[in-house]
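Before anything else, here is the set of structures, which you'll find just below.
Each of the two complexes below includes chain A, the first together with chain B, the second together with chain C.
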Partner chain A sequence: MLEIATVFDFAHDSVIFIVGMTAVLASLGVVLCSSPIYCALYLIGHMICLALLFLLYNAEFLAVVQIIVYAGAVMILFMFIIALLGGKKEIQENSFHRAMALTFVFTLLGELYLSATVGQTEPIKGDIPPELFGTAKAIGLELFSKHIVAFELASCLLLVAAVGVICLAKFSFAPLRRRVR
Partner chain B sequence: MTQIFYDTWDFIVLFLNESVPLIVGSVKAVVIAVGIMSVVPMLVWLERRLMGRFQVRQGPNRVGPFGFGQPMADTVKLLFKESIIQSSADKFLFHLAPAVVVITAIVGFAVIPFGEPFEVFGQSIEMWGANVNSGLLFVFAISGMGIYGMVLAGLASNNKYSLMGGLRSSAQMISYELTLGLSALSVIVLTGSLNLVDMVHAQETVPFILVQPLAFLLFFIAGIAETNRAPFDLPEAEQELVAGFHTEYTGMKFAMFFMGEYINMVTMSALVTLLFLGGWNAYGLPLWSVLAFAIKVGFLLCVFIWLRSTFPRIRYDRLMTFGWKVLLPLCLLNLLVTSTFKVL
Partner chain C sequence: MGQEFVLLISASVFCVGTAGFIIRKNPLIMFMSVELMLNSVNFLLVTYSSFLNSLDGQIFALFIMTVAAAEVVVGLAIILTIFRTRQDMDVDHIDVLKG
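Moving on to the complex of A and B:
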């Protein structure tokens, strides 16, 4: 009985470790890969790994939203731009970037090691009942009670950005466009 | 020696006892995946027969009784066809794209509940792959990932038609995903849950199609656009784009795109059934819950085919205008009215 419990715990931990490693490797791919399409794909992979990590820690809603917003909406626009501009392979000029990337990755690995080993993990603070944990309801309650001002301000910010984009795209400036040859 | 054998046997029995949910889950996953994949040939047959009838012709009727052997023959043909990849294509992405389409389609179906739980050997077997708390959002997330298959097919083929098809499909699906999500949101407001099982339980007396007719209509239209079916099959418009994003694909890889499309069609019909038609509730009719669900889904699939053989394809700019300037405001209005009534 006890053995099996430990086996299952080990399985859970190893799954978390594998997903975390994949996330790190995918981010490595984003930095090291020279073709923009593959970079974007690695980034998508990284985001899916993050969503899986959220899922493994019972934050179901956050995981799904991570996939919808980042992997689904943001990255598809990246792909759009790559498709429109043509994804040419970059020629590797110097290995400085590569060295930087390696340093970055090893820093990340070090952090992973630290976070895995150092100290006890803190219990969840706050008065969220356990059956609500990770659900949309808990996040909604938190967001619309404590952080309502910040939430509304952020939505205003997004609205301003949207209006700005429409202004840039819709109203062309004639002198800039029709240049005399 | 025998002692070791008995120890191992005990361990295996203990392990099996402990991991019953795991085993049940695996079996369910296999059954659902195989079931949904074997629905596809039947659906192709149904579509070709029904289309034939709608257009006053015969449809496939030579292979076996009622042409039942036709899907089999087609599958064999597609499996044995030569797989051609042009030399300018990106090999890895070219292979990846159809796989993404099929995998996302099958995974999306995993959270669809299709019947009431029942008891076998003291184990309560639930008729769904996984009861995810935010099941509806999960389906949307996975169907959003399915777009990548088409975009990647367009990018990897190194063909202008494919690229245009891929771009069109991504733009179309992003636009209609909003409508899909917002019209589903009014049902979420009514039930107060993202869980698909809860939604079915909320419709035990009245299906939501009677409460939310506009949301049903919007959801269904957006669902057709989301699955790239006619009259919204712009990504593969033959007159303009040869065959769209799968122009360069042959054999089984070509068939995989079709498989993805048909599985998505089934998933979308199942979603409409769950959200608006009352799921597996039979409303007084003496039907097994799974059968009631299957009948509703089958009817919606026939409506999909009916629409395909009825409407001409609409122009691309009209499609986008329709999505952004008609459907989306209607959705927002509907949501506003629904939530106002809910609060009052």
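Moving on to the complex of A and C:
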């Protein structure tokens, strides 16, 4: 006889598996599509899958932030830039870059394998009560008590970025003359 | 789902992002690949904070999101400026600073 808890665990695991696989496939779509607008759409799908995974791992505040900041703000910015610049397809012919990318990927995977076979390590255990874990309240308490300096520095960083973008966008540059070869 | 699955997903998304950054020549898609890499690391931080029952990983992921947003804004402005001065979207052709 199946327990209701095991059935629930199995359903939870299978949902995580499906959403994770969808995230990987969407990231493949970002890299392999030739038109930038399809890449942006695949990236939005990837972000939404990641937000679902955050929810499934009890991080509800970060899931909401992921949807609002990434799938909302950042991707809309990408969409505007694509609309301004025109989504031209690119021609792929450089096989040297492809070989370099493959080498890099296999090096990364080898390093991951080596670090996975290092053996038992001691994990850090936290003491957050489970009903509070991942909520906006718990994150706010942590953020404004332990990490207040980093929080203020992050706000300074955002201000500097905004000022820099205004400087870049406001002053018009004279068109660059090509060098005579 | 165990930690191995999370590590596998995160590592594969990171590798796909790296490969995309090296292969593609459109600067917009290179930026999207950087976003993929940042997101995979964020995912790992959040899931491990859930495994270890500690909120530090989520705080770190929040700061990574902040830095990524600032980086995207400035980077897209730079791309727009480059495109305005020279109507070309291939990073291999931007070699004016080369000696």
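Operating definition for what follows: the second predicted complex is superposed on the first by the 135 of 181 C-alpha atoms of A that agree within 3 Å, B and C clash if a C-alpha of one lies under 4 Å from a C-alpha of the other, contacts with A are read in each partner's own complex, and residues count from 1 in each chain.
Keep in mind that, in the parts below, contacts are C-beta pairs under 8 Å (C-beta built on N, C-alpha and C of every residue); 3 or more make two chains touch, one makes a residue touch a chain.
Just so it is clear, the model here is predicted, and its values are computed rather than measured.
K.L.:
Should A:I16 be classified as contacting the first partner (chain B), the second (chain C), both, or neither?
P.N.:
It touches chain C, and chain B stays clear.
K.L.:
Could you look at A:E60 and tell me whether it touches chain B, chain C, both or neither (first, second, both, neither)?
P.N.:
It touches chain B, and chain C stays clear.
K.L.:
Counting touched residues of chain A, say whether chain B or chain C comes out ahead.
P.N.:
When the residues of chain A touched by each partner are counted, C comes out ahead.
K.L.:
So in the superposed three-chain picture, is A:A73 touching just chain B, just chain C, both, or none of them (first/second/both/neither)?
P.N.:
A:A73: touches chain B and chain C.
K.L.:
Now for A:G164: first (chain B), second (chain C), both, or neither, which partner does it touch?
P.N.:
In the superposition, A:G164 touches chain C alone.
K.L.:
Identify the partner contact of A:A116: answer first if only chain B is touched, second if only chain C is, both if each is, neither if none is.
P.N.:
A:A116: touches chain C, not chain B.
K.L.:
Contacts for A:C156 in the overlay, against chain B (first) and chain C (second): which applies, first, second, both or neither?
P.N.:
So A:C156 meets neither chain B nor chain C here.
K.L.:
Quick check for you: in the superposed arrangement, does A:M100 touch first (chain B), second (chain C), both or neither?
P.N.:
second
K.L.:
May I ask you to decide whether A:I82 touches chain B, chain C, both, or neither, giving the answer as first, second, both or neither?
P.N.:
Once the two structures are laid over each other on A, A:I82 reaches both partners.
K.L.:
For A:S27, using the defined touch cut-off, is the partner it touches chain B, chain C, both, or neither? Pick first, second, both or neither.
P.N.:
A:S27 contacts chain C only, not chain B.
K.L.:
Once the two structures are fitted together, what part of chain A is touched by chain B and by chain C alike?
P.N.:
Chain A residues touching both partners: 61, 65, 73, 82, 84, 134.
K.L.:
With touch defined as at the start, can you tell me which chain A residues reach chain B in the complex?
P.N.:
Those in contact with chain B are residues 1, 4, 37, 41, 44, 60-61, 64-65, 67-68, 71-73, 76, 79-80, 82-84, 87, 134-136.
K.L.:
Can you check the complex and tell me which residues of chain C touch chain A?
P.N.:
For chain C paired with chain A, touching residues are 1, 5-7, 9, 11-20, 22-26, 28-29, 31-33, 35-36, 39, 42-43, 46-47, 49-56, 58-59, 61-63, 65-74, 76-81, 83-86, 89-90, 96.
K.L.:
Can you list the residues on chain A that touch chain C in the complex?
P.N.:
12-13, 16-17, 20, 23-24, 27-28, 30-31, 36, 39-40, 43, 46-47, 50, 53-54, 57-59, 61-62, 65-66, 69-70, 73-74, 77-78, 81-82, 84-85, 88, 90, 92, 94, 97-98, 100-102, 104-105, 108-109, 112, 116, 123-128, 130, 133-134, 138-139, 142-143, 146-147, 150, 154, 157-158, 160-162, 164-165, 168-169, 173-176, 179
K.L.:
Over in the complex, which chain B residues touch chain A? Could you list them?
P.N.:
14-15, 18, 90, 93, 132-134, 137-138, 140-142, 144-145, 147-148, 151-152, 154-155, 163, 166-167, 170-171, 174, 194
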